[in-house]
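Letters A, B, C, D, E, F, G and H mark the chains as written, and numbering starts fresh at 1 in each.
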Amino acid sequence: MPRLRELLMRVQRGEVPVDAALETLRDLPYEDLGFAKLDHHRELREGLPEVVLGTGKTAAQVADIAAHIADRSGRLLVTRATGEQVAAVMTRLPDAVHHADARVITLERETVTRVPGVAVLCAGTADLPVAEEAAVTAEMMGSAVERHYDVGVAGIHRLLDRIDRLRAARALVVVAGMEGALPSVVAGLVDTPVVAVPTSVGYGASFGGLAALLGMLNSCAAGIAVVNIDNGFGGGYLAALINRRR
Amino acid sequence: MPRLRELLMRVQRGEVPVDAALETLRDLPYEDLGFAKLDHHRELREGLPEVVLGTGKTAAQVADIAAHIADRSGRLLVTRATGEQVAAVMTRLPDAVHHADARVITLERETVTRVPGVAVLCAGTADLPVAEEAAVTAEMMGSAVERHYDVGVAGIHRLLDRIDRLRAARALVVVAGMEGALPSVVAGLVDTPVVAVPTSVGYGASFGGLAALLGMLNSCAAGIAVVNIDNGFGGGYLAALINRRR
Amino acid sequence: MPRLRELLMRVQRGEVPVDAALETLRDLPYEDLGFAKLDHHRELREGLPEVVLGTGKTAAQVADIAAHIADRSGRLLVTRATGEQVAAVMTRLPDAVHHADARVITLERETVTRVPGVAVLCAGTADLPVAEEAAVTAEMMGSAVERHYDVGVAGIHRLLDRIDRLRAARALVVVAGMEGALPSVVAGLVDTPVVAVPTSVGYGASFGGLAALLGMLNSCAAGIAVVNIDNGFGGGYLAALINRRR
Amino acid sequence: MPRLRELLMRVQRGEVPVDAALETLRDLPYEDLGFAKLDHHRELREGLPEVVLGTGKTAAQVADIAAHIADRSGRLLVTRATGEQVAAVMTRLPDAVHHADARVITLERETVTRVPGVAVLCAGTADLPVAEEAAVTAEMMGSAVERHYDVGVAGIHRLLDRIDRLRAARALVVVAGMEGALPSVVAGLVDTPVVAVPTSVGYGASFGGLAALLGMLNSCAAGIAVVNIDNGFGGGYLAALINRRR
Amino acid sequence: MPRLRELLMRVQRGEVPVDAALETLRDLPYEDLGFAKLDHHRELREGLPEVVLGTGKTAAQVADIAAHIADRSGRLLVTRATGEQVAAVMTRLPDAVHHADARVITLERETVTRVPGVAVLCAGTADLPVAEEAAVTAEMMGSAVERHYDVGVAGIHRLLDRIDRLRAARALVVVAGMEGALPSVVAGLVDTPVVAVPTSVGYGASFGGLAALLGMLNSCAAGIAVVNIDNGFGGGYLAALINRRR
Amino acid sequence: MPRLRELLMRVQRGEVPVDAALETLRDLPYEDLGFAKLDHHRELREGLPEVVLGTGKTAAQVADIAAHIADRSGRLLVTRATGEQVAAVMTRLPDAVHHADARVITLERETVTRVPGVAVLCAGTADLPVAEEAAVTAEMMGSAVERHYDVGVAGIHRLLDRIDRLRAARALVVVAGMEGALPSVVAGLVDTPVVAVPTSVGYGASFGGLAALLGMLNSCAAGIAVVNIDNGFGGGYLAALINRRR
Amino acid sequence: MPRLRELLMRVQRGEVPVDAALETLRDLPYEDLGFAKLDHHRELREGLPEVVLGTGKTAAQVADIAAHIADRSGRLLVTRATGEQVAAVMTRLPDAVHHADARVITLERETVTRVPGVAVLCAGTADLPVAEEAAVTAEMMGSAVERHYDVGVAGIHRLLDRIDRLRAARALVVVAGMEGALPSVVAGLVDTPVVAVPTSVGYGASFGGLAALLGMLNSCAAGIAVVNIDNGFGGGYLAALINRRR
Amino acid sequence: MPRLRELLMRVQRGEVPVDAALETLRDLPYEDLGFAKLDHHRELREGLPEVVLGTGKTAAQVADIAAHIADRSGRLLVTRATGEQVAAVMTRLPDAVHHADARVITLERETVTRVPGVAVLCAGTADLPVAEEAAVTAEMMGSAVERHYDVGVAGIHRLLDRIDRLRAARALVVVAGMEGALPSVVAGLVDTPVVAVPTSVGYGASFGGLAALLGMLNSCAAGIAVVNIDNGFGGGYLAALINRRR
């Protein structure tokens, strides 16, 4: 903002006439105006970790970016980290934590209080990496997360047993592959907002998760919205945003 | 078969040598051989009604075919009958029955005993025409049919209440549109064979029933197979075939 | 629950031994047990209007159902109402309100306090019916709704002017057809949860809204989830659920 | 069920009034009620093997689960077993059987009587792994299975020669890739229920089995239903369910 | 060609030097060169009727074009003619012939000898318009056509009865909707070139003929090639081209 | 901009201290800052007509908007105008011009000089409405347009005859349906930038223009880019933009 | 046929009455009847090589089958042979020929006269393997083949130079990837039957050859039919069938 | 052209009569006529580099072709070069330049003046290889290129800061994956022609770049056309063509 302040001071001192000042303002790059509303955004995001997507980067690139973020903010979330990337980051940042199930690395140099209100559901081991990505993301966003990883359409009694827990949550992330029916069943039982995450688990006519995605979009139950296939990060992020809004 | 019998008699009488007879046999049209195994098929199908698909025929054509079948066999099933076709057939065959919900016309001039064992399920009014087409078809194939038309994923307690009835059946036809999750939920609760019928009920990303179809094909529950979208006839037909096999 | 109470009283009076009571309980229909957790659901949903989807019903059917709901609960939401359905309902329920833009009929016989916190955005007239369906739905669910109907990707300055209003909301419904880029742009500017609603507005390779749907699912911005094409109801419902959770 | 029995005994003894007992029942977790109808399901499934899907699990995980099931029930079916998984399981369970063609491992510690009635058909070597998965699955479900692995649309006379055998079966599993026409041809010749299994055998516009799948769904012959692409397990399972129902 | 001839004559007379002639040739429009090989094409096509596609033209336009062609060549083929177009053309050309089944109008003012060698096959009434379009097209191209319109996959014995006729043909046009299996079955029985024509007959997952198209492209039998959905004209045209080449 | 000017003047007069002025600037709505770069855009677009898309608007709405634009700028382009819309607009603006082939209405109250450099190509009558929409749009954008409407892949000699004209243009709009091969052939012959416009002309596996679209995107010739199916407006607009840039 | 001959002889000798013979005939397996028309097929196919598809078989399997065929008929065609399969076959059959470009192995132990009439066209190296598979297949089927491997849409003058050669052929196989426009251009120039072979050459929106396939199916030129993506074998086989028919 | 010149000279000398010369002309191969308009094309393309697509060629093939081009024209562009291809080419042509980011090799033996006017935009590292392929291609085509590689929909202020630069360009190449919204946003801000390049960056429902492609085709902003997924070469080529046209 120094350029803007200086301009105003020169106006104040009569060194720059008003018309010339208007002209100058018109030519200042947007950013230099300093009062850019867009900047509020960054402040508002303060308190959230910066996120690095591992896919498509080399191990060295990820480690460099991670170290840089760790220095600046002390809070870090690396998603879809490959084995090599994990090794490179953990060497540079020994206090980082590797969540192997979630393929995620986190770092929090200050203790963060987690607000309860998010639950993550899936049917079992095949969908677990995506569910864990959602859960760890929501935790890094400041939510305490309940995990229900044995509730599937084929074992509906386990779901019925947890209805009270699910109703108590402020946001549910429901992860499912194959036919993707679990979010429909859950939303038919509770009034909690459901963020549905289709996974690519399946074969044949699942078409890499398309069947689950379409199933969730066409749910006959209300109160569901859907993120991209295998996008555990997106599911956890949105659930935490909902939970933050009190 | 007369040509074949005559040939053999001429062999017997010595009028035709064996080699010439072999030659002749080689040249006889397949059908004329008379003993065609393919014909057994028709006999085996005796007792089943002949089926007329209304789609793509004029009212006069349907009425003519229907009258012809009624004369010959006394049993008739017309599916996807339009209003005009219904009027034309009912005029010619006043003893036929019009099932308006199912868009079906039936005729049975002799009393047929129905064997219990088929149940048809759907969630409500939108899927009802397809469900009724399945039910009436199965009835015309000789099965007594139980209808459960208020069981949906969004009202799962009604389904739980009927589990005993569903387990007692020999074949279930489960009709569902939108995300098509009902067959999965049903097959997760019972061991009865499930014939799943996706419907084109839905909009947007249901893509005319594709979402329901894919959902059913990718069911995480075993014991399900799927017929074409809106193919109530196919679902009822297969369920009745299963029920007939004792 | 009378059957269950009576059973317990007979146990108390020693008329039924414990083992027999256990046996009887096992055979009682689920519903009759009376304590069905599933029923809590309905109570919890109290305060929400019952919803009737006009599509696929006759005008008479819609009017009957609407009148029935009006008598019982005094709160009603009919979506996708055709002209005939509107006429039939308004005749039966003169105190109902027809929202022509939204193709929706509402009835509220008691004053309901709306909680602020939901904003609905779209780019203009073509997407307006879906946006209004979302807005009226959220209102009927108890939310006060801000409408921003002139913010498009091609007029991004209007969006920048409203950033403060959008940041203040608890849930945004962002409606867009064609390439469906608006939710991405919005979510890149604010941290409010975004429920994205693709519309079928477009032609050619929009494939009935598929392009917008895919665009939204693949958003490079976090904090977005998507409902079915043209599903304004689903978008408004979820936004109101999020807004209710405080 | 002990909690429920104790509650009833305390009612009987007058230690708990009826109203308090009703209240307590309402708060008991669903499962603890003990009489859960859902549990009947498990008993009903007794006699069937437990199934482990190899895909997506480590060799160690599969071996652990397999050993656990073998101890408990003595009956096991592992599908889509990789070479490593086979090695790990066979080391732990030397009495298990590896069906290399079917990519399946089975274990049966007690002799099981197989009921005849299932036939599996395919055109040759390319579809054989899926056909064998179906056949071994049906056998493990208690059916004796006839294999017809040389019957294709391009060699229709071989099919005609077996018509009697196919008519005698209670359920046919018809496996086909490429254009997937075999189930149509078979169902045009016999009245036996046909479970059609499309395979991903093919190239180009077969789109990983989609062509075969669509072909089967659109069959002009009645009496066919379809399972997912390459889902030999699902086909064999359903055929055995049909065959069990007498 | 007059311009070219004149140029050469002026070269001959010495009025134009060789270099200038070369320059002029370079600037002559391609067509004016007169010796354009492309023109051979038109001559070669002599003897074939000119074809008018009715779709997307007004009745008046079709009638004008048809009358123009009739005057010039006396041979005409109008395909996909609507009722209005038929009326307009028949008024202008009373000696034209309307083939109602084929939706085609033909005119031949000189007797044309038809060469035998093309057969057209389909399963029945629904595919008949496309089959007839193929048959009439092939006739107008100079082939005598055998029609086999009752041969379907579900009535394979009728196909077996005609094998000798099919083997005697030089080209077969096989028309089929739904699963499109007929060309595979035919090509498995004979060595005659098969032009497969998928039709849009079907519903649900036939996706407007896509299922039939994919089935035919993936045929396990060799000797088949495929034209566009419902393209009876294209099928008949190619078969006649094959038949012409002796 | 008055608010900004006033603020600066008050700073100049010492009525507002610099820090308070900075604070105020931060709170001014973006638009009011007056110097918004975004506004340059509008000025830059001056000289271009405003465009109204007829689709999805009532005749009254279109006429109102058109009259409003006509008053303000005297230049107007209405695309995809229906018959009713044309009537309504022509009544209000008798000096407007209706281009029936292009389904377009234009108004230019001042004479505009057209700069040569755009050519529009298509194969014939079916693609003509889209080609004309492109041509009229480019004209309204200030380009003089050459039309070549008889050049198709099936009549390649006509294309060869025009090569010089096509090479002389600065931008070509090449419109084609069915297999969409024309842009590839054209771009193989010339170095002029080609804007390819696929049309929905075709049937069966053209899938509403998808085949043409994919063909153009996969062109083996360089120098081509593609707009949406039937988007003549987009093609003409881009060609004129290219032509304007000298 | 011995069983049939014996039966007739016993009828002749009076050892078996006519009715009993009829009964026996009815029970004879189809094949044993000896006069099966289906068998004519094999004889008719005599003179053609037997074909082995390498895909999905082990090197040992291919070598065994190849050796078996070589012994029996002396003519062999192995397509899509991998390096291992080639090594295995060449070791067993040192007189076989490996066509590396075509990924094909052939064996002909007797000299075969090739009939001219087939030409294979493609644009260059990328499509060459498919083109060569077509060419070698047609040669093995008894056709002499002309290869034109440098004719593409982007070099159309080379195509114009060969028009006479293409018009002289009885069948053309036109191989093309990317937008697949070559068959349209060729068929616009000649009247020879065109078998179009789309290839998977391309990237992005070519979707593995789908774009080329759709382009060919939607050709605006008549006289084209299409085989599966990359199906050089199918293209060459059909062209040779057409060429054989004189 | 020698044959044509000789022919004209013999006409001039009276050695060949005009009619015979006409006949000879008719039989000359097209190419030999020498004045083929098609040849102008090559000359016109002079000054552009020849392009080699690495994909699908061996390292030796690429090196041979590259060396051949380098000898002949001194200007070379190899795209999609693999590591092996790079090594082979650099060994043969040590003065070539390897652009690792762009996967491209270039050679320019004479200094070429670059004309400013092309800018390439993308959001970051994932899209960078495609953006660099576009940039290097445009440079080799004679354009000076500005790179803006940090402008994304999620950081829209950086885009706003560059508006002046973007407006000054003659053609923009805008590269984007995922939802592909960047070209819409850019075209909403400037009037410069936009060549949009979708990339395959993304996962799940991005379907290999299809989502970005559809988004760009359906852009609500005018002035955009689209090339194939990941086709940086095509984008840069067209932008340079536009920039060349002054």
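Keep this in mind: contacts are C-beta pairs under 8 Å (C-beta built on N, C-alpha and C of every residue); 3 or more make two chains touch, one makes a residue touch a chain.
Note that the structure is a prediction, hence the values are computed from the model and not measured.
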Fill in: Other chains in touch with both subunit C and subunit G
B, D, F, H
Item to complete: Identify which chain pair among A-D, D-E or C-D reproduces the interface of G-H, meaning that over half of its contact pairs, matched by residue number, are the same.
Response: A-D
Practice prompt. Between D-E and B-E, name the chain pair that shares the greater number of C-beta pairs in contact.
Written response: D-E
Discussion item. Distance between subunit C and subunit F based on Cα centroids, please, to the nearest Å.
Written reply: 39
Worksheet entry | Centroid spacing, where centroids are CA-atom means, of subunit A and subunit G in whole angstrom | 55
Worksheet entry | Whole-Å gap separating subunit F and subunit H, where each centre is the average of the chain's CA atoms | 25
Fill in: subunit D and subunit F: spacing of chain centres that average the CA atoms, whole Å
59
Item to complete: Could you check subunit G for residues that touch two or more other chains and list them?
Response: 30, 37-38, 156, 160, 189, 204-206, 210, 213, 217-218, 228-229
Discussion item. Once the touch criterion is applied, which pairs of chains come out as touching?
Written reply: A-B, A-C, A-D, A-F, A-H, B-C, B-D, B-E, B-G, C-D, C-F, C-H, D-E, D-G, E-F, E-G, E-H, F-G, F-H, G-H
Fill in: Parts of subunit D lying in touch with subunit G, wherever the complex brings them together
125-126, 156-157, 160-161, 201, 203-206
Discussion item. Show me the residue ranges of subunit C that touch subunit D in the complex, using the header's touch definition.
Written reply: 1, 4-5, 8-9, 11-12, 14, 17-18, 21-22, 25-26, 30, 33-35, 37
Worksheet item: For subunit H, which residues are in contact with subunit C within the complex?
Response: 123, 152-156, 178-181, 184-185, 187-189, 202, 204-207, 210-212, 214-221
Worksheet entry | Contacting residues of subunit B [partner subunit E, same complex] | 29-31, 36, 38, 55-57, 61, 198, 200, 208-210, 213, 228-231
Worksheet item: What residues of subunit G sit close enough to touch subunit E in their complex?
Response: 37-38, 40-41, 44-45, 51, 160, 163-164, 167, 170-171, 189-193, 195-196, 213, 217-218, 222-229, 233-235, 237-238, 241-242, 245-246
